[in-house]
């Protein structure tokens, strides 16, 4: 069993809030992250997959294939986008890093299996001071 | 003459576009940075000041004072904000990093003189692959 | 189950030595880390907590609460301090990174439970070339 | 149980290819990494060991001993070398990061036991966008 | 006058030596950097250009154009290549970072003028412990 | 004219205070940096030298010689030391980063000339949020 991690990056706008709450309640819980005019981040996404090495190639997966999957399934949909409005698989969710990581896991899970590996971890770094990891359960 | 640099960070949403241009022309020049639904970044701001050391204190400037100035004059106005809509000193500008750096220079210049130093450089890092520097002329 | 990690930093002086050993024996084992006149580091502390997401807020824990806990329970007691002399929960310990990580674990464990999460890992980075992790047992 | 990680770095040339394949087939799978004239990287090696703290010293292992082991068993053999030609324990292997990590594991495993610790993880960072981890099985 | 810096990266093999010197003399001066079997690095290239902002676009230069120039004129020729053998503009040079930086300057100078800017600095980072800068004279 | 920069690191304890001031006045100006029990930092030192390339070797200076000079003249005297008590060339100074940078400049200036280069800049990074640069006048 070997583990490989690929980093991709995206920049996006978002806002944390619940429509059924007042502005005051949103502000109280989410602080300036609930700014109605949006704010944004440079996100780093680290995706770790695991499995056994193909003895013929020496690869667990070809990183070009893994990178292409991440680009198609996640980055192109999120980069320079408004996460609340423009990303289908985030619709209706409260856009904490926790929920973003879990949503990305579900977008990637089958594609990574089709590459012959198993998804191990989705890690989202929002700032240099905090990150979230999801291991699938 | 000694040089001191202080880093502050802010996260913000923005959009690059000209109102007098069509969406196509904006898209053509600014690419996905002109996304009408905004996108965002974690910005790093490095401000370099210069001057002579105060022999009584060993300081050029007290970093607490410099940091407070940067917070009051720039960071509180930009962090978790929409740069196009909510920042008075950016109103009406095309929000390239070039223009943001110059605008921040003018916000800081007098305040730094009042600390007994001279503003030397405003540097804006938008992503790990590019940054802009302005030296005042 | 989701994992969230928060980084805090502190700068401190310390010295590694045993009072019941001669200076030679201390120097032999701890090298220049046993310098009687102290030395110091910029430490990075990464605290990882785990638990389930609160469906109402989308948070595992509010990072403001987690950061405040780390500040109150650890950073304010250690930052710009002498770890051997001024930190109550380190008194009488040999101040290797191993022992510092375990001591911080015990300072944080109950507070993190009171935030509704479980402490998963305390990681201490002393230099860019080495770090220590403690998982509670 | 405590975990300690030590970083060492090395720069080396390598090439990914199978002698029994045509240049086209190698190029097809390994891309420009199969360049017959070699290419190279600055590798970062992170080795994590685990075990219990020696109560007499406060150490799991003395980092000087761990660093010396890594230097002698791995770095001196790999730094500024051609991995395909000059490294005995890599002879005949396809030099993916996966295979390099596993080979380093076997070079280090007994030496780390002789330091009184257990090898937990070998991590190889080839570029800032990808890394490989091996946990021994 | 504003300054913009773009980072690009490449990985390459190289060797420092003079053909008219003995192996001993090369080894004596260049150490393990003269290894006849090559070694390699992940290089970071920072290119700084300067000029005045185009008031119509808010740009000094469009970063897409600058990046494309760097890719075409430098990165595609150097990435995953053997610098001594495969790079036309480095032929016959001693491949210290000093000489590499100056050679890249001359490859880029006219192209950057054709973008409407002036080349200010070429910076080459070979390892995290040293870098070289060239300002054109 | 080419510029080369070498990084070295050291960890040290220090305290900022004036003996002729009361504890209150020191605390007022220097905050927790005047803690009588010391505190410490991991410092990064970047030394930039300039000059012309030796056409015979392709070097401005041999980095091994530059590194040895920095080690002998600065790092061995400061690493794991108490800067106020144990470093001869800092005796009697207020140990702000400003004064440390200038003192290091004077320690290095002649030695770098004897390597055939000219000292251009001494840069001291105390934390990731601030640094000081001195250019010699």
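A, B, C, D, E and F are the chain letters, set down in written order, and residue numbers restart from 1 in every chain.
Keep in mind that, in the parts below, contacts are C-beta pairs under 8 Å (C-beta built on N, C-alpha and C of every residue); 3 or more make two chains touch, one makes a residue touch a chain.
The shown structure was predicted, so the numbers you read here are calculated from the model rather than taken from an experiment.
Path length between subunit A and subunit E in the chain contact graph, taken as the least number of steps between touching chains: 2.
Under the contact definition stated at the top, the chains bordering both subunit B and subunit F are E. Subunit C and subunit F have Cα centroids separated by 28 Å. Shared interface positions of subunit B, defined as residues touching 2 or more other chains, are 31.
Shown are all chain pairs that touch, namely A-B, A-C, A-D, B-E, B-F, C-D, C-F, D-E, E-F. Within the complex, the subunit C residues that touch subunit D are 16, 29, 31, 93-99, 101-102, 128-135, 137.
Contact residues on subunit F toward subunit E in their complex (touch as defined above): 1-8, 48, 53, 57-60, 62-64.
The touching residues of subunit F, when paired with subunit C in their complex, are 9, 11-14, 31-33, 35, 37-42, 79-82, 85-86, 127.
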